[in-house]
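In the two complexes below, subunit A is the common chain; its partner is subunit B in one and subunit C in the other.
For the complex of A and B:
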């Protein structure tokens, strides 16, 4: 067994091209935030409808959720990109803030990737919220009704505030999954972090730096995931439902 | 999603799930590197071309079926680029002495009245198309610019895709032409139309310089593990080896990118890799 022969010259190559990885990181963060936001905006009502909804609306939400959860994300992204006629918004300029040089990404690829990752995330987040809502004792709803709140008010003021707090651990999981799955946007040519790493080691000067580049990209994903999980841990503790102890 | 990590370099036949495959390969590569097994593809020992396979393969630009105007314009533009010596300058730049061909649109007399064309390519295939300092460049990229400047079309800038996504992107109208070292084959010709060939490339069999394997013909590959990039002519040659009974199906390794294939060759996980001659020479020289 040899010791891992990582080479100083290859690390220097990563060093001089760090800004290319940072441009990729920019797109990765943008895609993660956009997808999670879309996932929350669609997933939270989705979860509520699955619990309180009636009739065809609930059936539709359930059906769509099952479809989205049951399809591999790469298939979804390719389908959304090639199967949906997105408005041609052209190239989206990004960066330009020092020290990050300005660059452009394919707008349609960004829309398709955000939609695919966001809706898939909505399907998962709806289950996180459904579980969190279900975890609030039915008796609380009855108690709220007995003091004169309407059903909507009871859900809005009694159940939701507690359910949101209880959904943080599940949401944390979902965040990590979406962050890492943004790398699949590579399939439609969106220049996110992994694509940028790929760009680096397929150019003649970087051909010996494959492992160094992949290790760097892995480290960036790890740092992002670690920091966000720690932050969400704090948020969870800060907003934990008081136990009265 | 990740498939199975333990057989990360296995054959994968579907064309859609490329990303997860790359992740498996990458994760496998990192695992191998961290485990400290021999080599990690840092060029130790290097690789060399053992022999070439005459395939008579030719690269052409792809256009949508029935777009004969564009097809004809590209043929004429290629002819003009050859006459203006831009073609030979680019050959020198990317496969010869490396001298910069300069401004490839210089001396071009094309117009812009016929509309804009957006070419598509799959970067990561040096010296044909790759990114350098964030900019797309390479033989195909510059040649395309040179040719379009010599037609009545306006150059609309490149879109980037994975190689296997190029034909769907063309058919779907995301791009108007493909310039991606794409070999003209009967299968592809049924889906899209091709311009005249702009490059002829045979396949090279790459082996590790430090290994004791020194094949001089296809038969010498008997029982060896052979790799190639997914969807390329090299993969077709590996399939032919299987058809001819020279290697077994289990000994075929397909990679998302030839770079990963050569990396695995240097690590000793495959015995030979089949890729285009100019690309192979690029590796043998480094």
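For the complex of A and C:
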């Protein structure tokens, strides 16, 4: 077994085509942010409903969560792309920010991918929040109720601020997973980072540069993950509750 | 005139366990009533029925003649303060923040004014210097005093204390009892579950011995402690001494 040699010429190929990867990165970031946001907006209330809700609403939220977590993400994306009638928003123009040349992506693929990744993320984020909410002791809620706050006010002012802080590590995890899973949008032809890398090494001139391209793409994912985790560490420290130690 | 607080044949069961089996007694304004009794006798449940953290099954509890079950529950709780054995401070808020939450959210007081009222009440419990400290930075005695300030700031008509010193190291009990003693002197009406005999003797107007969900004996502290009428009371007091 030989390891393919890395070649200066192939690195040069990556260099001259860097903007194609940057366009992919742009889409990857867009997809990650969109999915995490959708995941948060649906997942946070979902987690709260799992703890405080009752009756059919809670059962539905739980059931949908189990279903979403139990389905492979590639299946979800394909299902959302081919199985849902998305409004035809045509091609979405992106880029054009110097030095990134303008380009277009398939709007329906973007919607389907964001929906699939976002809803699946919501299903996982709801579990992060559910655990965080449960970890706040009942007594604080009772104390808030005892001064006359309604249950909703008590949850909002006492449980939510503490639960959000405790969710940061779980959220970090979720960020890392969603960022890397955006590459599955490859399956519906969305021009995200990995898809762009693939486009490059299927060009005649790129055929010997497969390893160089994949290494570059991996490095980009790694740097993004690293920087974001660092940022979230900072956020966590910034909002940490003083313990007096 | 109606009494400040009146228990009228209050019953409460959890499953098939009858925890309160017909409690009746009353308190007037400025009274301090201490409730004692063995573990599981229903003391906490009794207090929790007053502000409806526990919704009782039967009988009635009246505040100024008005049935608590007929009141809006949040309005009732605004009028009846509670201090917990485990402090239950809001961990993410400073001492001051613990006090202001009820002021801004329930009494609709603007935040600047709420801070001023909070600081006043923290001073009242001897914590002027700790307004900016978070619960985790405070000693147990300080935490409990924040808990008292938090309840006081709502200007309640009645304060409920559920074993306010039993989670404290012995050397920290005194500072909390001191604050409670001051409140009693200022005329605060207090219903206190506590086994601090010195406090009960010197501050309580009446002591109630709760046993197995009923008021087994009730009277002024000197009578109940020195000349209990019932064997059961004597037996329980004997256990406390040892």
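One rule holds for everything that comes next: the second predicted complex is superposed on the first by the 239 of 245 C-alpha atoms of A that agree within 3 Å, B and C clash if a C-alpha of one lies under 4 Å from a C-alpha of the other, contacts with A are read in each partner's own complex, and residues count from 1 in each chain.
Rule of thumb we're sticking to: a contact is a pair of C-beta atoms (placed from the backbone, for glycine too) under 8 Å apart; a residue touches a chain by one contact, two chains touch by 3 or more.
Every value quoted in this text rests on a predicted model; they were computed, and no experiment measured them.
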{"item": "Touching partner for A:23 - first (subunit B), second (subunit C), both, neither", "value": "first"}
{"item": "Contacts of A:8 with subunit B and subunit C, given as first, second, both or neither", "value": "neither"}
{"item": "Chain touching more of subunit A, residue-wise (subunit B, subunit C)", "value": "B"}
{"item": "Which superposed partner A:181 touches (first subunit B, second subunit C, both, neither)", "value": "first"}
{"item": "Subunit B versus subunit C as contact partner of A:161, first or second or both or neither", "value": "second"}
{"item": "Interface residues of subunit A shared between complexes with subunit B and subunit C", "value": "none"}
{"item": "Residues of subunit A touching subunit B in the complex", "value": "1-7, 10, 17, 20, 23, 72-75, 78, 82, 91, 101, 103, 106, 108, 181, 183-184, 186-189, 191, 194, 198-205, 207-208, 210-211, 214-215, 218"}
{"item": "Residues of subunit A that touch subunit C when the two form their complex", "value": "137, 139-140, 142-150, 153, 157-158, 161-162, 165, 241-244"}
{"item": "Subunit A contact footprint on subunit B (complex, rising order)", "value": "1, 16-20, 22-23, 26, 29-30, 33-44, 123-127, 130-134, 157, 159-162, 165, 168-169, 172, 174, 257, 259-260, 262-263, 282-283, 286"}
{"item": "Contact footprint of subunit A on subunit C as seen in their complex", "value": "51, 53, 74-75, 77-78, 81-82, 84, 86-92, 101-102, 105-106, 133-134, 136-138, 147, 150-151, 154"}
